[in-house]
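The chains carry the letters A, B, C and D, assigned in the order they are written, with residues numbered from 1 in each.
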Amino acid sequence: MLLSVRAAASYHLPAESFVLLMVEPPLQGAGHRLLEERLTTTPTTFSELRADFHGNVQRRLMAPAGTFAFEFTATIESEPNSSVPLDAPEHPPQQIPAEVMSYTLPSRYCQSDLLARMAQGEFGRLKPGAERVLGIADWVRSRVEYRYGTTDSLTSAFDTATERVGVCRDFAHLTIAFCRALGVPARYVSAYALGLEPPDFHGYVQVYLGGAWRNIDATYEGVRPALVPIAVGRDAADVPMTTLWGSGELLHQVVEVREVEG
Amino acid sequence: MLLSVRAAASYHLPAESFVLLMVEPPLQGAGHRLLEERLTTTPTTFSELRADFHGNVQRRLMAPAGTFAFEFTATIESEPNSSVPLDAPEHPPQQIPAEVMSYTLPSRYCQSDLLARMAQGEFGRLKPGAERVLGIADWVRSRVEYRYGTTDSLTSAFDTATERVGVCRDFAHLTIAFCRALGVPARYVSAYALGLEPPDFHGYVQVYLGGAWRNIDATYEGVRPALVPIAVGRDAADVPMTTLWGSGELLHQVVEVREVEG
Amino acid sequence: MLLSVRAAASYHLPAESFVLLMVEPPLQGAGHRLLEERLTTTPTTFSELRADFHGNVQRRLMAPAGTFAFEFTATIESEPNSSVPLDAPEHPPQQIPAEVMSYTLPSRYCQSDLLARMAQGEFGRLKPGAERVLGIADWVRSRVEYRYGTTDSLTSAFDTATERVGVCRDFAHLTIAFCRALGVPARYVSAYALGLEPPDFHGYVQVYLGGAWRNIDATYEGVRPALVPIAVGRDAADVPMTTLWGSGELLHQVVEVREVEG
Amino acid sequence: MLLSVRAAASYHLPAESFVLLMVEPPLQGAGHRLLEERLTTTPTTFSELRADFHGNVQRRLMAPAGTFAFEFTATIESEPNSSVPLDAPEHPPQQIPAEVMSYTLPSRYCQSDLLARMAQGEFGRLKPGAERVLGIADWVRSRVEYRYGTTDSLTSAFDTATERVGVCRDFAHLTIAFCRALGVPARYVSAYALGLEPPDFHGYVQVYLGGAWRNIDATYEGVRPALVPIAVGRDAADVPMTTLWGSGELLHQVVEVREVEG
């Protein structure tokens, strides 16, 4: 399918600031291809591209004091998002590639070490592989209440395991933490998603099963129609859409994802 | 039944210290009566009795530098511990006495406010009253692993809800937190218990159902044969067996509870 | 001085609810006297008075589904708030009355046990007594940023010790936790205060020094002109202005404290 | 100087297990060179080398059920460890290389986001660069008590900021968290260190100042004579010396680091 994506925001910066943007999906991903894209930053025009540990592209720029704005628009050809194949197996650790192994470790928001017994107790009897991972996502969706404004950037999987409320980011963190606690590599994906209400940036999970990264979205029963990954990381700490060095103030933000005719 | 109880401990105190002891059960309780008791403290002989908020008797004394020891022995007539009657009802808040109402509030180790959604999600569909409270105790017993040395005096119900391991104190705190989160008054009881292995002081729960405080012990499947309460409080912070002002070192401690012939 | 106090709020209740109000100061306190007071509740008119552990008066009532409102107005003669006398001494534990001793224990929001080493490291060298307690309040005021909307009802002293931001409630909790960690009894006071900007209910601290409870307000440099205590407790969990059983929604709230001519 | 290093451990494994070892320093580092090294694993002899995100070499092997042991010995030429040059400057973010930037993000044990205001309050007025980083290390060393057995693998910088007790790992995590909170890239180093008492694996910090990674060891006043890095990561979660998949039990472990004659 063909998606039209637009993300824009503006900030007031009290001083010249270094800005990192991670809003541009890779030109070519496992399930998408950018047909056209355009990133404009105002008033800064110069920017530099760099890749981080995870292979994400970061746009780095200096923004002068005053109002700073960016707008990203793209037309993206995306395969429909598909479910994890039910026969996708877990890998024993000796078969997990070294670059994937890091995604079994605990991280800032996914304290899989603290959740080890809970994961074993709740999911230890499920069949390893896709069935268990889908069981985890079901558990999270049915036990955690989706509600805006209840959590913030300090909320972690350890909190959500007990507090049972949050947004997509929290659902993803808890799912990731449970998967890692059971030895399944899992990572956080910041994304554009079709059909979010209200529209916003999205966060979901990829697990490594059957030799590939598979999409899991615990906020949705069934399969979201389209997910376009922007960046991947151990958790949301690795993939902020915008990072300002200094004390800017967000003035407005908008995200739009629409399906368009071919 | 007739119980013989002995609790003794010794400490090295680097300086003269104020000591609070809470090792003596009330002379007469809902289900027990002290036939004889004796508390000796060495070398201090003078001590003073005071009651706290909860009506517990505290023995207060000054112990000089050096070795301080106490020994408490008692013969106690105890009714067999009984299960919560299955028809004991919950009280709507307007029927909860004011002095009981405090036991619906969150406390140091029982953060019922943080567990509100989890309690509602796990137990909200159970029938209010004894059935729900027993369901909570079953849940705690089957989901939390009993293991010495895994938790300490900083561990709280919020931790145990996720970490799923602990000792009697942790089992009690989590049970209390869930009960309070559902509006059921619940308090912590430090106690002598028959049949503990290894022998030690014990901690369990009392819930207020059907107009009376009822014993709940999430560490035991079925009904412990005998429980003699020493003191009650919001949680373990309120009922330490021994409190030393200053930096004493525990040298040894022993607790024995035996059934004796009438 | 003479104060005119008004506190009013309204709620939407989806069902008949039990309500606890703690908005009425005691008729006569250490530093104030109510000359006239009036509490109206709409539509409920019946209510019952009860006292809790701490001696606070709670108004208990049943409110039908729909809009529930209360309004409390009072004229209060208040002594000017005074500073802690600089020579007010700390008490060794053996001189602390039993009913005061409970305020040395850790509580839900004041985890003095977790803060023991920090308290000793930061304040251990200050002179015991008023000087040390005032040093603690100064530390809190200068290290913690006062900012609305940064903390919520889950924030505790353990968080504030590190996160260094909050409102009056958080300032009070951290001050209390440090005091208790050093053996000084400390309690939370909900109050009406003159000169708050914006006007609101207030929370401050009382410490037990020199045989009496003394006011400490870490949110204010110097001495607040007037503080009228409503209720005292171990921390804010004990003294909510309003408690609704069930899921009411706050529609509006107003608090006014003005000085009036005699 | 010339160092002789030996690290050995044995485990009981109830089942065949995958094992990751990270005990071998890189052959050539910024300040050391391995003259000879030998890693023996018993009974497993086959193992595979892989590199992770951070460039660390991991030895991966399958160990059969029963007793598994490894022994690593090496002779290492090490430059004396040196202090951070006092004129080493901080870099503005636009000058931080992309591969270094990840070390400014919060991680499992180094919640720099939670410590932002505390770091600013305590160290915001120090001169940026080496002076500030050394000020942080001094603060940690003088405020945190070094004591074995007080913390465990769940303890994080957020805990240590308040609890003020721990071991080398905790000192490192807190130092890292403060540095990152102030925008200074900081990473955790597992290491062999000369002169540790008792001998053990060591953990310390590297900060990125003046275009290079510099050693900071908050557990030591002055400059430790020799530090040989084994592996680097965001925090201790990334660089475990041994990782067992499954439930092995440590039987014994020994670490020795001695200076030898050239």
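One rule holds in what follows: contacts are C-beta pairs under 8 Å (C-beta built on N, C-alpha and C of every residue); 3 or more make two chains touch, one makes a residue touch a chain.
Only a predicted model underlies this, so the values are computations on that prediction, with no experimental measurement involved.
When the partners of chain B are compared with those of chain C, no chain appears in both lists.
For chain C, the chain whose average C-alpha position is most distant is D. Counting the residue numbers that touch the partner chain, chain A and chain D have more than half of them in common.
For this pair, chain A with chain C, the centres built from the Cα atoms lie 42 Å apart. Centroids built from CA atoms put chain D at 29 Å from chain A. Looking at chain D, residues 114 sit in touch with two or more other chains. The touch graph of the protein chains shown is a ring with every node of degree two. The chain pairs satisfying the stated touch condition come to A-B, A-D, B-C, C-D.
Partner chain D is touched in their complex by these residues of chain C: 114-115, 117-118, 121, 143, 145, 158, 161-165. Residues of chain D touching chain A in their complex: 18, 20, 50-53, 58, 60, 62, 92-94, 98-99, 101-102, 105-108, 111, 113-114, 153-154, 183, 237-238, 245.
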